[in-house]
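Both of the next two complexes hold subunit A, though its partner changes from subunit B to subunit C.
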Partner chain A sequence: MTFIDKYPNEAKLVRWHFGVGFIALAIGGLFGLVQALYRTGFFRSALPINATDYYTVLTGHGVLLALVFTTFLICGFFVWAVTRSLGRPLAHQRVAWVGFLSMLVGTVLATLTILNGFAPALPFESADVLYTFYAPLKGHPAFYVGAALLIVGSWVVGAEYFLTYREWRADNPGERIPLQTFMVLATFIMWYLSTLGVAVEVLVFLVPWSLGWISQVDPLLTRTLFWYFGHPVVYFWLLPAYVAWYTILPKLAGGRLLSDPLARVVFVLFVLLSTPVGFHHQYLDPGIADGFKFIAMTNTMMLLLPSFLTAFTVVASLEHGARQRGGGGYFGWLRALPWGEPAFSAMALAGLVFAAGGFSGMINAGMNINYLIHNTLWVPGHFHLTVGTAFGLTMMGVSYWLVPQITGKRLQHKTIAAIQPYIWFVGMTLMSNAMHRGGLAGLPRRTAEPLFRGEGAAPFDPVFGTIAEMQLQIAVGGTLLFVSLALFLVVMAGTWLTQSGVARLSVNGAIPAPLSGPEDSPRILDNLKVWTAIAVLLVVIAYGLPLWSMIADGVLLPGSGPFPV
Partner chain B sequence: MTDTDEDDDVTRRWLIRALIGLGFGIPIAIEGATLLGMLDSQLFGGGGDDSDGNESDETATPTEPVVAVGDELLPGTAPAETLTDAAVVTGDDGRRFEVTVAVENTGERAYELRLGVVRTADGTRVDGGASTDSLEPGASTALTATYDLPDGETPATLSVVGAESVGTGERITQRTVRFEDVPVRD
Partner chain C sequence: MEIHRFEKLWLVAAFVLIAAFIATIVYGSLVAGVSMVSDDGGTVDPDDITASENFREPGVYQAGDGEYDVYVEARQFAFVPGTNSPIRVPANTEVTFYITSSDVTHGFDLVGTNVNTMVIPGQVAQLTVEFDETGTHHIVCHEYCGAAHHDMEGTVEVVAQENFDTEEVTEA
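Up next, the complex of A and B:
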């Protein structure tokens, strides 16, 4: 019996989340291709944008992919995870739907303001504020209201996970929380704690400022509130990928998760450490004492630990699966893994790429070495590995496995699906490699200009290769990524639109128990209240005094008027 | 399983193997080449557009055209960019290299002149520069750029860029010019 047969209402909710997410992915991905070609100077005059429009494209790409696609896929995926692991439907369907509708309305509002940059005839004015929407860049108020509705909607959907868990707990006193639900709840505890910052920024400052009710905001304070949220949001993206790698990937490999307790430890560490690190995005901001930047740096370095634990546990689980399939030898077992299965290969390749992204993230985290790459092309090189691939490609793999279960339809175009993850992997390696090298050479991010002609290579000294070659590599890589994305959407559309009941589903949705179960771990791991309290304390330590000092000289001071875009 | 099914299966298996080979091989090649290139650069000083970085160990024969006051900096462009002053000015606050160019847009499209990086005779790169606004055809202006020179060093080359608006983009003319015997003023 598949998921849609057992939980038809939840399957519908997941479908709606995934559907909206895929639409955002399609539009955002197209924008990415336009950006890559325009920025590198290839077919530049043939593209229907100019240098000003570039920032509309950039805002759309970032918002639709990093905020909309991610949030919808995560909320939908977690509906499946909670329902499946608790073995019961959601406690209150309506709550979840209200949350979804809030997210959808918010997305539509924000998207309209962004697209207004191309099409002034659309309602509202434009919002070319980039996905970090800093003051003093000011967009139309509808953008900020839309962003707020998206976040609040996710809160409401998240509340439904806790309400369903509460019902389960009443029926199952003393039981260990099923692993997937534990992971979902931990992720959302972190999400609730971290989104407080951006909620205050948007509702208290940016909306009134954009409406003209207040004449200025303190950019440092609003940036700080944004980055209070802006780093943990990457874990909001990463932890669902971890849910997939820990619970689905071992099964696809033919084995079982090595250790449930280790997985719980990892998620607890993320609850504690995700938020009190945001200053590592503000190392060059004046007005924040170096000591607090140093605290953020050490907390960030400690975040390496759960990722290394994950690398060990997931790879060991894959090895177990490979050996179950008959693989042997020190490394020969790798060949026994199902590399031809798109759900497996997408997730495995995503995990491999994430390792590279993690290492470049360490450079970003080191306060002094960060200065070398701050605001350069290195930074998007890094996050295309992490959110772009660790999250994006993983969710593509999850979709190959889950969409048949939530639609009741057999996966179509399997050969296309089999090659798609590899095209993504090659495209991302090319693009990200060149972006990292370009960043080391000093090429800035967030500029519409190719920058390798004219003043030419002289201001940019690459250590290896030439600027022109890097730009070509970015263009080729970006094109391959778009092709891969298109192939993924072809498979999804083909599957979704195919006739149901044409053939028996070939996917097995069962997830085997881990080799080492929750009974092998201390019960305190399941005490989410303790971890939440410690997380709040760490945030107070990391942010209390700096925020106080920013507020003490006047909440709106030193202020900046709006710079409309 | 029929013969056709077996053939399809074999074809698919070979496709997957080829895919895996390419899918891993290309990234390994790209990253490997990057790693080797960076090691080569760090250990043996090779590679890169300006492999010398800021310090040049080689004594290369200068190839840039020499310009003096009254010369055009970009003779290949329609607009005229005439060097009207180039001098090192010394003062209590250090040494500065000041360059002034008279720009007259005698072309048919909007035009911008950008003065970029200076390199000294010792090979030190001095960042800075200046740029005109976009000049409409028939417009003219004077552009001055000032560079803070390290003690005791003299300017040797200047990077110059002319940018002509073409559609939504630009046609770029770039040249590095050389100065000789730059006068020093107090």
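Up next, the complex of A and C:
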């Protein structure tokens, strides 16, 4: 029985989340193409924007993709994961719908204020503050209210997972938490702990300040609260990809997950270490003692451990699947994997790209090497591999597999779907390698006109290649990514709009049990209260003193009044 | 809970790699002498940056024998000094930059070098560097600071000590 037949209400909830996410993906993706071409100077005069509009486009791209697309896809995907793995409908449907509506209203508000940047005559003033919205640059209050509604909405949807789990627990005392639900709950514990920072930043400081109720805020304090949230948010994107890689991908490969207990260990490590690392985004911030930066650096490096464990388990599970399908040899088994199945190839390629992204992330995390690449094009080069591909492409793969199950409709345009992940892979390889190298040459990120026009100064000096060649790769790569994204949306729209019940679904939603189950693993792994308590303790150790030193001289001091953009 | 032999090996290798990464950073800090921008610069009032002792009128000051202090104000959309007039410093001396902002958050990056810091209103970024070679460096503001962010740039000219005119130094 497919998911939609068994849980029609939950399927509807997932559909709405995915639908809004796909609209955000369409607009944000279009902005990405405009950016790539404008910045690299290809067809610049033909584009309908000027240098100032570039920042409107950049804000829209960041907010719609990194905050809106991700949050909607994750919340929807997790509704499916909890329902399926607990084998019961959600406990209080209405709670989840309230959360969804809050996210939707928040998204509409924030998007309207951003789009206002193109037409300042509209009622909102501009909100070209980028998705990091550092004070004292000030956007319209509706932008901050929208951001708050998006995050609070995700909290409410998250509460639904815990409520449903509680009901399941009452009926199943003593049983191990089903793996997918365990992963969802762990991810959301991390999410609650880390979004606290941005919630305080927005609700206590930026909203009252943008409305003129308080005259100033401390830029360093608000920025620190942002990054308290700003790194864990990347694990909020990554962990759902891990859910897919651990639980769906091995099945698609023809096998099953190797080890359930190690998957739990990995998620516990993320609960513990995801939050006390935010200062690694502030290595070059004045006003923060270097000792605190060092603590964040060691925590960040320790986070490599769960990702290395994941690499092992996922690759081993793929090999197991390939051998079940008749593959053999040291590497020959790779050929036995279903590379023509888009759900598989999207997730597998995403995992491969994530390995590269992980290594460039280690450079970012390297406290003193960071001087060379901080705020250069290297950084967006890095996160287009991680959130842009490890998350984005994985979710496209998930959609190929899951959308038929939540709509009851057969996947359409299969040939297009089969080539789409490869176009993404090639486009991202071109764009990202050039961005990394451009960053090493000193090209800054977040600028409409990256090239120095002054006399006599040293030019940007690439380690190898030329700036012109990098610009070409970025433009071609960005165009391929947009084409790939458009093809994905064509497949989704075609599937969504086709008639249901015409053909039998070719997808099987069952997920086989892992080779090594949870029975013989320590029960403490499932004790989420213990892990939450330790995570809070680590946050207090990493953030207690530096936050105290920032507020000891006055919560709003040194203070800045607003600078509207 | 059974952990496979290969998985144990992998785990150990991962730990070794992590320890090695941390060791390179410790080496960089303790042996190579790469120190981080920290809270040494102190704080100022963004509306009146020279009011406290942590910041002086923007300009180049001689701090001692072979030591220079450079005070830079970053504001929408210029470095003072740096944009309208280049920052001139002698090579092979100890140059300490003190940089703050009188409006929004900016960045200060000498392209292709390790001279790179955020410039946050209320905080003074303090960086000490030694330029081994003469030449011209390009300053970019690498943090989005408003509609004309991309126009915010400047120059640092490193000149030979014998060519450095002491009259260029602001009197202390």
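Some notes on this structure:
We take it that the second predicted complex is superposed on the first by the 554 of 565 C-alpha atoms of A that agree within 3 Å, B and C clash if a C-alpha of one lies under 4 Å from a C-alpha of the other, contacts with A are read in each partner's own complex, and residues count from 1 in each chain.
Operating definition for what follows: a contact is a pair of C-beta atoms (placed from the backbone, for glycine too) under 8 Å apart; a residue touches a chain by one contact, two chains touch by 3 or more.
Here the structure is a predicted model, which means the values were calculated and not measured.
Superposition note: with subunit A as the common reference, subunit B and subunit C are in steric clash. In the superposed model, A:R44 makes contact with subunit B only, not with subunit C. Looking at the shared chain after the overlay, A:D461 reaches both subunit B and subunit C.
Contacts of A:V426 after superposition: subunit B is touched, whereas subunit C is not reached. In the superposition on chain A, A:P522 makes contact with subunit C only, not with subunit B. Of the two partner chains placed by the overlay, neither subunit B nor subunit C lies in contact with A:E175. Considering which of subunit B and subunit C touches more of subunit A, the answer is C. Look at A:D5: by the touch rule set out above, it reaches neither subunit B nor subunit C.
Clashing C-alpha atoms with subunit B appear in a single stretch of subunit C, chosen from 2-10, 38-46, 110-118 or 164-172: 164-172. Comparing the two interfaces of subunit A, the one with subunit B and the one with subunit C have residues 51, 454, 456-458, 460-461 in common.
Against subunit B, the residues of subunit A that register as touching in their complex are 44-45, 49-51, 339-340, 349, 415, 418-419, 421-423, 425-426, 429-430, 433, 437, 453-467.
Those residues of subunit A whose C-beta lies close enough to touch subunit C in the complex are 51-52, 55, 58, 128, 130, 134, 136-137, 218-220, 223, 258-259, 261-262, 282-290, 293-294, 297-298, 301-302, 304-305, 308-309, 312-313, 316, 362, 365-369, 371-372, 374-376, 441-442, 444-450, 452, 454, 456-458, 460-461, 516, 520-522, 549, 553, 557-561, 563, 565. Within the complex formed with subunit A, the residues of subunit C that make contact are 1-4, 6-7, 10-11, 14-15, 17-18, 21-22, 24-25, 28-29, 32, 34-39, 41, 43-47, 76, 103-105, 107, 109, 111-112, 114-126, 135-138, 140-151, 153, 155. Residue ranges on subunit B touching subunit A, taken from their complex, read 12-13, 15-16, 19-20, 22-23, 26-27, 30-31, 34, 37-38, 40-42, 47-50, 53-54, 114, 116-117, 125, 127, 159, 161, 163, 166-170, 172, 174, 176.
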